[in-house]
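Shared between the two complexes below is chain A, which has chain B as its partner in the first and chain C in the second.
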Partner chain A sequence: MQLIRIAAGVCALAGAMAAGAPLAAQAAGERIRITGEIIDTWCYFSGVMGGPEAVVGSAHHTCALWCSAGGIPVGLLGEDGEVYMVLKIEGDDASAGGDTQLRLASHEITADGMLYRRDGLNYLVVAEVVADAGIVNHSHDDFGVTPGFAIPEPAE
Partner chain B sequence: MRRLVMLAALLAAGPLGAQDFSAGSEARSWNLYAEQPARFEARVVDMLCAVTGDCPENCGAGRRQIGLLRAADGVLVYPNKNAQPIFTGAAVDLLPFCGADVEVDGLMLDDPDIGARNIYLVQRVRRLDGGEWVNAQSWTEDWAARNPDADGEGPWFRRDPRVGALIEKDGYLGLGPEVDAAFIEDWF
Partner chain C sequence: MRAFGALMAFGLGAGAMAAPALAHDGVVHGSAEEAARHAAAPPDGPTGRAGALPFALGGPFALTDQTGARRTQADPAGRMQLLFFGYANCPSICSAALPMMADIVDLMAERGVAAVPVMITVDPARDTVGSMGAPLKAIHPAFVGLTGTPEALAQARTAFGVQSEVVFTDPEHGDVFAHGSHVYLLDAAGTVLTLLPPILSAEHAADIALRYAPGDS
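The block that comes next holds the complex of A and B.
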């Protein structure tokens, strides 16, 4: 009888997992203070504009504005090299093209907030931007601008 | 008992270990380093809600990023991109499906070396209750409706008022007009 109950439990677990039920629960958050650059995650992850070093900082600033305004998620590229997907900044939950994240494009900030980890990604809810150092990565010295058409050719 | 434990492990590992969702996909390649075609069923969710439990009406009504809770394994997939090759995200295309069970087709990025896990480019979506496929390319139409005074020549990102104001203030490099001027003189 006990074996039958165990087998039934196993089947129920498998069915629930297939439906995604227990895995759909929210992850537990942890308090974090982290410093890094607000980046355009699609260009960073996809490589569509070049390698990771070319799609951060001043070289990529205009594209980062376009992508942020275009509703592509922004992330914080931490000093630890990890990307933290930003879901909210100082009460502003407009993560799909909002003004707060747009204003911080390419800036190095120190953020205090909550970190959540789920399915291989880091998620950040920023309670406070403790420091905003502006753009400190002058990557245009090495890469020019990415993409090359970011700056329109001046009229003659 | 040992057999039951093994059975439990097998059943548990089945959906979680299924990383190949390419069957039946008609996704168009973008020739990205880590792309894989991926067609799967999912529930459309508000990302902030799914991660933290902060859940307003209608997935945030357009403010928030939209996610896909994959039916096969419960993984939260993050659609970063829609099908338009012009700097546009996926939330506008997915918001009309908030809370619905859908099927999506697109490209999955998996590049753990740079932290890319379950990152998705959605190309089309349909409701599971018999809906037609809808191409995920409505961002520019939505932008045009929100920016009626920004009509004119050129793509949206050259005409966007918010982007334009920031470039005018801080320059294309974001370091101020003087740095911009020196760079542009050398660049062209």
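The block that comes next holds the complex of A and C.
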């Protein structure tokens, strides 16, 4: 329960959190509209919590909140299979942990924004979330909570 | 808080030790063998360095290192720089980013390119001139920790678009901060060359950084 309170506190307070986000885009970007899931990039790329199907969607939602609150940049896993590192979403100047990033964790969204391809990576500055379908990948049906310890045992 | 720290430490520490995953560095693979081949190969994407950073990022700052010496955005030894905003006892993203920076520096050194890891503190109350050297040195002997007045630190954060805030206070460990999580690659003069997301492998990040090494255009 203490963990849940902490997570809620982080969610509530993280609006002004860590940016690292280049905010004044100058040039060389490409305007795109893309649909995909907001994911936890650390667990997705590292594989330590399970395979790629297990660390997306509802199965990984709680851990995704933890990671975002802890500073892991969120990504958008596009329908094209590519991951777009999110530098900013709408008015939330954060790559992780901001109110918007936490609210949209594991959600399927359609984003309108600027794409910057650099060093073989995709960086996305989301100007507007034009659609939010919520959590549509019910991966917990297949994988349960991944990892299970993301949800703490109730205090006795 | 202990559980939070343990979760982050487990996940991040395990990640640092993991074999190539089926999804890594932006690519999903169908088999472990394919993932291993990709992990061993040069990263996808354009060869050579990217152009000028398409963001307004970076700028001058004047801070104090762990020895008490004044230091600006320029490295006095003329090395490339890996810059991160964090704090020496951070239980979350710093526990991944700071060791990653150390590994990148070592990998670059193996290829003959000198670079230095630099951390600007977001917790000047605990990261003082006298206190931050030891924990950073435990991560890498060349680590530079920077602190300063609230105004000077704010100027540095503003230059890099970094915000920092206390998200809660742990009764045992004190304030826990939310803060920026990207590593910035700077040249010796302090100009930002590119970003290095902390979720990359050190090998991949070093490959990117080396593209920007002087004389490697």
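The working rule: the second predicted complex is superposed on the first by the 123 of 156 C-alpha atoms of A that agree within 3 Å, B and C clash if a C-alpha of one lies under 4 Å from a C-alpha of the other, contacts with A are read in each partner's own complex, and residues count from 1 in each chain.
By definition in this document, contacts are C-beta pairs under 8 Å (C-beta built on N, C-alpha and C of every residue); 3 or more make two chains touch, one makes a residue touch a chain.
Bear in mind the structure is a predicted one, so any value in this text is a computation, not a measurement.
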| item | value |
| --- | --- |
| Chain B versus chain C as contact partner of A:28, first or second or both or neither | second |
| Which superposed partner A:135 touches (first chain B, second chain C, both, neither) | first |
| Chain B versus chain C as contact partner of A:49, first or second or both or neither | second |
| Which superposed partner A:83 touches (first chain B, second chain C, both, neither) | both |
| Partner chain(s) touched by A:65 [first = chain B, second = chain C, both, neither] | first |
| Contacts of A:103 with chain B and chain C, given as first, second, both or neither | first |
| Contacts of A:123 with chain B and chain C, given as first, second, both or neither | both |
| Touching partner for A:149 - first (chain B), second (chain C), both, neither | second |
| Set of chain A residues, in rising order, touched by both chain B and chain C | 3, 6, 10, 13-14, 17-24, 26-27, 29, 41-42, 44-48, 52, 63, 66-67, 69-73, 82-83, 85, 93-97, 116, 118-123, 150, 152 |
| Chain B partner contacts - residues on chain A that touch it in the complex | 3, 6-7, 10-11, 13-14, 17-24, 26-27, 29, 41-42, 44-48, 52, 58-59, 61-63, 65-67, 69-73, 82-83, 85, 87-88, 93-99, 102-103, 105-106, 114, 116, 118-123, 125, 134-135, 138, 140, 144-145, 150-154 |
| Contact footprint of chain A on chain C as seen in their complex | 1, 3-4, 7-8, 11-12, 14-15, 18-26, 28, 43-46, 50-57, 85, 92-94, 96, 160-165, 167-168, 178-182, 184, 194-195, 197-200, 208, 211 |
| Chain A to chain C touching residues, read off their complex | 2-3, 6, 9-10, 13-14, 16-29, 41-49, 51-52, 63, 66-67, 69-73, 81-83, 85, 93-97, 116-123, 149-150, 152 |
| Of all residues in chain B, those that touch chain A in their complex | 1, 4, 7-8, 11-12, 14-16, 30, 32-35, 43, 47-48, 50-54, 60, 62-66, 69-78, 80-81, 86-92, 109, 111-112, 114-119, 121, 139, 156-158, 160, 162-163, 166-167, 172-175, 183-184, 187-188 |
